[in-house]
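Presented sequentially are two complexes of chain A, the first with chain B as partner and the second with chain C.
Take a look at the complex of A and B:
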């Protein structure tokens, strides 16, 4: 499987009646995009706002972040089985709108969702503060269940991103990148002397706003399976989760997975990137045992020397992580795990709910419980009051002047477990 | 909580879904529960069978409390 990504750099977004990309400025027709969103009768209202890096803007509550992409060659369309027909993706050519995203916002489903600050001290906690964001703000129709509402917003975001990306279908990208995924026989012949390394990606799969979809299938219903890394670049994996937004993978993360990007950089040089296994994090112990068994068997079947495992979320998924780690290690395969920590506000508590001496190579995205005080910003897209109820906030998090005091857990992507964020410590 | 209550001299039966976490944190009597969102029952069952299941979990926990253990023990039904 070979996929070419062609990039367009988006320097700014403006509303205009004639949608187009001109000198790095993306002009979008708000009325047309809103009308498409409102074709879904489960949504009562929809409008768009633009949030640019450096502006005094807070976006809350953020449900998903999506990078606009369009497939111009090869099978299928973006987000197959979810926002387009089921077809195999991951080969051909896909165009990418870099430097921007579509962000979905609306009344919260429960106690979830996240925050993006476009400037101020909160800016560093969400990587999406660095993008030009086309923010879709929706309201559910009366009588719509939380499940229906969540699905409607998810689809609205994906379809908006697809509609926006259509604008570049006939244009020529500024630069291209190629990603090839060989079958295991070919890659073994081509790189006989390099260590065989694979990536195990754990997908959150625990119910409403805790779900992830693979070709449209709810990930809690999959057995661990092989997938080409290039398929993820075409939207084979879609986010339906944002609870404790700091360590949930948005759809943007799935399209731009840094573990995959770095393994490709090393591929053929210092290692043979053999492939990728996706697995789930379910709420039944038997599922955890079954999925980790199957993941370890697939790794063994691939004849690997090393595996990188990324977790999504925290708490009981720490057990899925440790099961994956120990069972893969027991096959004689070295592992590195990527996680984050809930070590309390003082950082002195046990970081993970589960542990094993075999988890002896750990990369952390940081302590999600760290408390921060952030001064008010001039404008709020959405509604700032939700900070008092979302995970990481608490009653009194929103101050009278609009400042917030909350754990960095509230920021979308703050302690991402794919290593997407840029925070570090010495 | 399980460890602190035991330290005060009372036996503790820890009912939980993810028994490996219970073992990691040091509980001694561990009773498997149903699922993380509904540890003490199963909403997919009809009320009569759900009640039966709930009673079995509690009886298993009471059995664990009155059983001597020499190491961390999971009380499978």
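Take a look at the complex of A and C:
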């Protein structure tokens, strides 16, 4: 499988009646985009706002962050099985709008969502503060359940991103990048002397609005399986969760998975990136045992020397992480795990809910319990009151002047466990 | 601006009094910097000054720990310094222990920031590294040149009252307290580099050394349930409507004790969950699915259990620190024992 990504750099976003990309400025038609969103009868109101890096803007409560992409060649469309028909993606050519995202905002359950600060001391915690964000603010129709609302917002975000990306379908990208995923026999022949490495990605699937979708399938219902890394770049994996937003993978993260990017960089030099396995993080013990067994068997079947395992979430999934790690190590395959920590506000507690001496190579995205005080920003997109109920905030987090005192847990992507950020802890 | 005042502690060797034969030298104070204090002063760039140096023989300190510490603390107190620094002791064992001990004594008595420096294998690191800042140095005085800038920089930060970064950033030994900081490379790059080293059997440093966990052996099974008093403890956040104790939806700092005397069923509008992090619809609609009062009342009526304890205990498990959980559990256990509870059903979400 070979995928070419063609990049367009988006320097700014503006509203205009005639949508177009001109000199790095993306002009979008707000009325047309809103009308498409409101075609879903589960949504009562929708409008767009623009948040740029450095602006005194707080976005809350953030549901998902999505990078606009469009497939211009090869099978399928973006987000197959979710926002387009089921087809195999991951080959051909896909165009990417770099430097921007579509952010969906709406109180699904109130405390399930996250925060992005575009400037001020909170800026460093969410990587999305560095993007030009087209923010979609939606409200549910009366009588719609949180589950239906969540699904409607998820789809609205994906479709908006697809609509926006359509603007570049006929244009020529500024630069391209090529990613090839060879079959297992070809890659062995090509790199006979390099260590064989794969990526095990754990997908959040604890349920009750903590879900991830693979080609439209709820990841709770998958067995661990092989997937081409290029498929993820075309939206084969879509986020359906954002609670404790610091360590949940948005759809943007799935499209730009840094483990995949860095394994590709090392591929053919220091290692042979053989492929990836996706597995889930279900709450039942039998599911945990079954999934970790299958994951280890697949790694063994691939004849691997090493594996990077990334987690999504914390607490309950710590047990899945340690099961995956120990079972893969028991196959004689060396592991590095990527996680984050809940060491308490004072940093003195055990960081994970499970541990094993075999997990001797750990990369951490930092302590999510770290308390921060952030002065008010001039503008709030959404509603700042949710900070009092969002995971990581508590009653009184919102001060009278609009300042917030909360754990960095509230910031979307702050302690990401794909290793998306530079933050760590010791 | 006035300079920060520093008092420096060194041993007889660095105080240029003598070698092992002078190790019995009792504490003495001299004004200004002596020996390594001169090099350290250069690091301050005029922002701080060593107002006094205390010199003590390693043997003397280790053989007279209490009296030596008391005498030295008094010498330090007279100077009213902003910061106290000792050493660096490199791999000199008795010197390292003296530096660690006197730093701790000064910190406890005078409540001022203290720091020292030594080599990782110096016993002083094990003994005092969790309580005071100990800068990591090489194993001999040949490492003085590289140690002093690190000590000087950390000392000034402490004097200014600035936030102290993570151990790897500032160069001190980890105190077992997790501190966030920004690495130069993103996590995925660090993971790939760590894996390449691990595959090549080269040394690598994990960012989180795994702790050893408490494992609690289960109590023996109850022989006769029909006389047992069963209590419920939950981390699922079930509370009376309105959350009267204001238990936080994540990172809980408290737990609640709630009466269910005469309650047959936790009905909607009277009970709810305070727990963040999961869809609360089902728990708010029927809190029995987290705290199963209805089923246990049936079992009570049927005589399967003796009785359901009139109180249950509830907190929120979402992101709550293990240290808090341990404290809650110890208090709950005491109360459960006082209520003659025979067994507890622990529920989570």
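A few remarks follow.
Methods note: the second predicted complex is superposed on the first by the 420 of 426 C-alpha atoms of A that agree within 3 Å, B and C clash if a C-alpha of one lies under 4 Å from a C-alpha of the other, contacts with A are read in each partner's own complex, and residues count from 1 in each chain.
Everything that follows uses one rule, which is that contacts are C-beta pairs under 8 Å (C-beta built on N, C-alpha and C of every residue); 3 or more make two chains touch, one makes a residue touch a chain.
Being a predicted model, the structure only gives us computed values, none of them experimental.
When both complexes are superposed on chain A, chain B and chain C clash.
Once the two complexes are laid over each other on the shared chain, residue contacts for A:425 go to chain C alone; chain B is not touched. Chain A has more of its residues touched by C than by the other of chain B and chain C.
By the touch criterion defined above, A:355 lies against chain B and chain C together after alignment on the C-alpha atoms of chain A.
Residue contacts after overlaying the shared chain place A:288 against chain B, while chain C stays out of touching range.
Of the two partner chains placed around the shared chain by superposition, neither chain B nor chain C is touched by A:49. Judged by the touch definition given at the top, the superposed model places A:117 against neither chain B nor chain C.
When the two structures are aligned on the shared chain, A:343 is found in touch with chain C, with no touch to chain B. Once the two complexes are overlaid on the shared chain, A:319 sits against chain B while remaining clear of chain C. In the superposition on chain A, A:370 contacts chain C only, with no contact to chain B.
Of 56-64, 146-154, 218-226 or 254-262, the chain C stretch that intrudes into chain B once chain A is superposed is 218-226 (criterion: clashing C-alpha atoms). Overlap of the chain B and chain C contact sets on chain A: residues 206, 350, 354-355. Those residues of chain A whose C-beta lies close enough to touch chain C in the complex are 109, 111-112, 124, 145-147, 195, 197, 206, 208-210, 243-244, 258-259, 261-263, 265-266, 270-271, 305-308, 314-315, 334-336, 338-339, 341-352, 354-357, 359-370, 389-395, 407-409, 416-426.
Interface residues of chain C facing chain A in the complex, by the touch rule stated above, are 166-169, 174, 176-192, 194-196, 198-199, 204, 206-213, 246, 248-251, 276-282, 317-319, 321-324. Across the complex, chain B meets chain A through its residues 17-21, 24-25, 32, 34-37. Across the complex, chain A meets chain B through its residues 206-207, 283-285, 288, 316, 318-319, 322-323, 350, 353-355.
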